[in-house]
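To start, I am sharing the structure in question, which I have written as structure tokens.
We just call them A, B, C and D in the order they show up, numbering each chain from 1.
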Amino acid sequence: MNTKINVTVWNEFRHEKSNEAVKKLYPNGMHAVIAAALGKTGDMNLHTATLDEPEHGLTDDVINKTDVLIWWGHIAHGEVKDEIVKKVQKRILEGMGLIVLHSGHFSKIFRTMLGTNCSLKWREVAEKERLWNIEPGHPITQGIGKYIELPNAEMYGERFDIPTPDKLIFVSWFEGGEVFRSGCCWERGHGRIFYFRPGHETYPIFYNEAIIKVITNAVRWAKPRVMIQDDCPNVEPLEKISEKDVDFGSAGILQN
Amino acid sequence: MNTKINVTVWNEFRHEKSNEAVKKLYPNGMHAVIAAALGKTGDMNLHTATLDEPEHGLTDDVINKTDVLIWWGHIAHGEVKDEIVKKVQKRILEGMGLIVLHSGHFSKIFRTMLGTNCSLKWREVAEKERLWNIEPGHPITQGIGKYIELPNAEMYGERFDIPTPDKLIFVSWFEGGEVFRSGCCWERGHGRIFYFRPGHETYPIFYNEAIIKVITNAVRWAKPRVMIQDDCPNVEPLEKISEKDVDFGSAGILQN
Amino acid sequence: MNTKINVTVWNEFRHEKSNEAVKKLYPNGMHAVIAAALGKTGDMNLHTATLDEPEHGLTDDVINKTDVLIWWGHIAHGEVKDEIVKKVQKRILEGMGLIVLHSGHFSKIFRTMLGTNCSLKWREVAEKERLWNIEPGHPITQGIGKYIELPNAEMYGERFDIPTPDKLIFVSWFEGGEVFRSGCCWERGHGRIFYFRPGHETYPIFYNEAIIKVITNAVRWAKPRVMIQDDCPNVEPLEKISEKDVDFGSAGILQN
Amino acid sequence: MNTKINVTVWNEFRHEKSNEAVKKLYPNGMHAVIAAALGKTGDMNLHTATLDEPEHGLTDDVINKTDVLIWWGHIAHGEVKDEIVKKVQKRILEGMGLIVLHSGHFSKIFRTMLGTNCSLKWREVAEKERLWNIEPGHPITQGIGKYIELPNAEMYGERFDIPTPDKLIFVSWFEGGEVFRSGCCWERGHGRIFYFRPGHETYPIFYNEAIIKVITNAVRWAKPRVMIQDDCPNVEPLEKISEKDVDFGSAGILQN
């Protein structure tokens, strides 16, 4: 019996083609590096999809087979078709997990799921970041220790315009003086959503073992617990309804 | 100095024109009855807007002057233009309050703000509803007492597909055997959102004093505390950034 | 390797000795019935403890071996020693799970963990209760369906004086007209807490398969994810502290 | 009509007597400085109370007249009598506000209200702290701007062992590399609780205008919205209870 988690790693995959330095770091794209790392866990089936494929690689068949979707995007959020975003939203509300990385904070799917702008402060000076693990009991932080230190990172600073997370698990300290809610969990419909801040394309973030450990844990946490189609049914009463002394034909108390 | 709260009551205003019974009950529309009732409080300026007006009555000028928007819709949610929904969402995230009534649970603006389907079970047999006040300390429940009883109501039953409310303040009991989270508060961006379940068009719900009391309290609770334009600024460091021993020209650690 | 969950079922065990009817229903105590039912799952080691044993059956050894503690009490909450409550609290904050049943809402351990009165309305007329499952994706509601119906139950009604649950999973409808938050989840320290309303001693609640299913699921949900001893360490800086132009030569460290 | 908020500032008042440097900074105690600053607002009546007064200055009369209690303690938490803590807890659950400052995180009243250890990491090297305002729309952060900077502070670092705040409004950055949830809001019973991190006795924190602004805002936010005595009433049904075909004299379904 195959009980592996079906993971689809979606990547915009543009920086890796247009920027020589990023290309050198991630010649086959960040999605390839993430997928390869997750593939080693043994309990996941990995699939990748990118913006420039037909339907952004997210055909009905792919979406319907995906248990957890990982999302990285940055410069081309606007090119993602609304109809695809709607299909992904529908699937998440049915139970699929969503993991949004770094600049994916501005993706259509993340903003659609949360309803807010998801804006923040930012700066790119290769500064140090330390992600404090504030929920050592949470499934996503298992094996992480007190903090993760990244020698060079793009800075994201508060205020991060998101709904209060159901659970906040990482808070970042930045060398330049800012803080950020770097690991945030939400539930929407029957699906789980995890936002994880690190992942800038010009640093080897996805080669970092601790980062991969977090994403691995997040996939296992976000895998579907149920898959339930949405409906809005007209239902019969479970208890006897008393006789009503209302005149349904006149104003006052009416009935269609 | 005018410190009154500028309230816009938006109504689909279709049932009142097409259904004789509803017309008799609300000859000028539910919005007119709600606005008249709120107008008596003395601390609110009332404005109304309806679907069939140009831009649904929600011009830039109206939106920008509105502190709290009340929303009732049912059979024509799909006719509300996406561009208007986006403007309303932007204003809420900046600080405007939103109060969604009854069948407005399926409105575009409510679903956009929450990110979920907002579906539920329903039945229309004029049954009794009792809304239990579970947060007697909340500003919205002041003066309400232990519960509100409605002799005849459409039933809405769980599961209500919403994000966990920041605060749940009313839970309904229905004669036919269901329960419902009938009063729910959220914050999104800088704005506050309140969903209130009662308000079916064929019953004189908006003539009920307790219902008007709740809506009055909700307007005062939801009025803007700030109005902040969204931005996503590139910022300078507040602390000195250490020298980096990284080769920004090669893969490994890169910099655009 | 034994990876079974070590469950301790704690029962006041007084009604079963003093009330003939309860005795007939639960001759060896409710704890025995619950433990027998959970024992059939195969993934749990069951242990029981009762008020009148030395240290209420909760010796250091028992507490330290317990992964999940189930608690039923009613007429003798005051007899539970404060020192035992403190030990149990310490263990929960380290990671142990706690499941509080029915009248345990007024137990010292529950009130200590939550900080509130945990009071409610109540009535005992053998009325019908229907527990609506409002989170079908939650681990505790798996296999439960839309609701659980109990033909005869003691009524507990709102307002239930508890902190807002992290997750509300069951809401009860009562024949007599009340509602209640019947299934509530919290995290405190590294431990998980679940309150489940049913369990009155004069009805055969713990022979009900759906009730046992919920408790079984709750044990699996509440099992420790970590076990971490509390500390409050004085730590060295991770970054260089700048020179301070303050007078460290006087008592304390001052800045005028 | 006197609608002023009755504020009681409670202080352990030991460091100021035993430590020359603290004495120089706060000759009449920190409570005197806080009370004087709040007194200037014009909408508060100020009262102070200290550990070494009879009943710690918290007689029934004082407690019953207090709308908002501010708490500072450090080296003598253990000397606060449990009976006084119980009275304060009772009053908070009825509606009184509580503001806990700095080392008050380990006070009996704070730990009693929250149910957790409230432990943290700490270090005292006069380092810089920057408290980021992550909820600019919250009443407590009005007039504060993007952050508060303190040139010298004791460090408190995560993990802070508290229940997830209902609302997290300040997050601190420390020069030495840590972060902390520095402004946390909760509701318990009908009362509101605010924890605010700054306030170390050897720095002139309570002479800082921004700190006083936060405490001022917090008093206004935490003032009682209701005052409700706790009860647990036996209530009559609101709906007719159906005839029960149960044999209350035999096991199976029983009734006392």
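Heads up, the rule we're going with is that contacts are C-beta pairs under 8 Å (C-beta built on N, C-alpha and C of every residue); 3 or more make two chains touch, one makes a residue touch a chain.
Quick caveat, the model's predicted, so the values are computed rather than measured.
Asker: Give me the fewest steps it takes to get from subunit B to subunit D if each step has to go to a chain it touches.
Answerer: The fewest steps needed to get from subunit B to subunit D is 1.
Asker: Tell me whether subunit A and subunit C, two copies of the same sequence, contact each other through the same residue numbers or different ones, using over half shared as the line for same.
Answerer: Comparing the two copies, subunit A and subunit C contact each other through largely the same residue numbers, since over half are shared.
Asker: Just curious, how far off is subunit B from subunit A if you go by their C-alpha centres, in Å?
Answerer: Chain centres of subunit A and subunit B, defined by C-alpha means, are spaced 26 Å apart.
Asker: Could you give the separation in Å between the centres of subunit A and subunit C, each centre being the mean of its C-alpha atoms?
Answerer: 32
Asker: Measuring from the mean C-alpha position of subunit B to the mean C-alpha position of subunit C, what distance in angstrom results?
Answerer: Centre separation, subunit B to subunit C: 36 Å.
Asker: List, in ascending order, every residue of subunit D touching at least 2 other chains.
Answerer: 130, 136, 157, 164, 166, 175, 177-178, 187, 238-239
Asker: Where on subunit D does subunit C make contact in their complex?
Answerer: Residues of subunit D touching subunit C: 15, 19-22, 24-25, 89, 93, 106, 112-117, 119-128, 151-152, 155, 157, 161, 163-164, 166, 175-178, 186-189, 201-204, 230-239, 241-242, 244, 246, 248-256.
Asker: Can you check the complex and tell me which residues of subunit D touch subunit A?
Answerer: Checking each residue of subunit D against subunit A gives 130, 132-136, 157-160, 164, 167-168, 171-174, 177-179, 181.
Asker: Spell out the residues on subunit C that touch subunit A in their complex, using ranges where they run on.
Answerer: Within the complex, subunit C contacts subunit A at residues 95, 130, 136-139, 142, 166, 175, 187, 190-191, 225-226, 228, 238-239.
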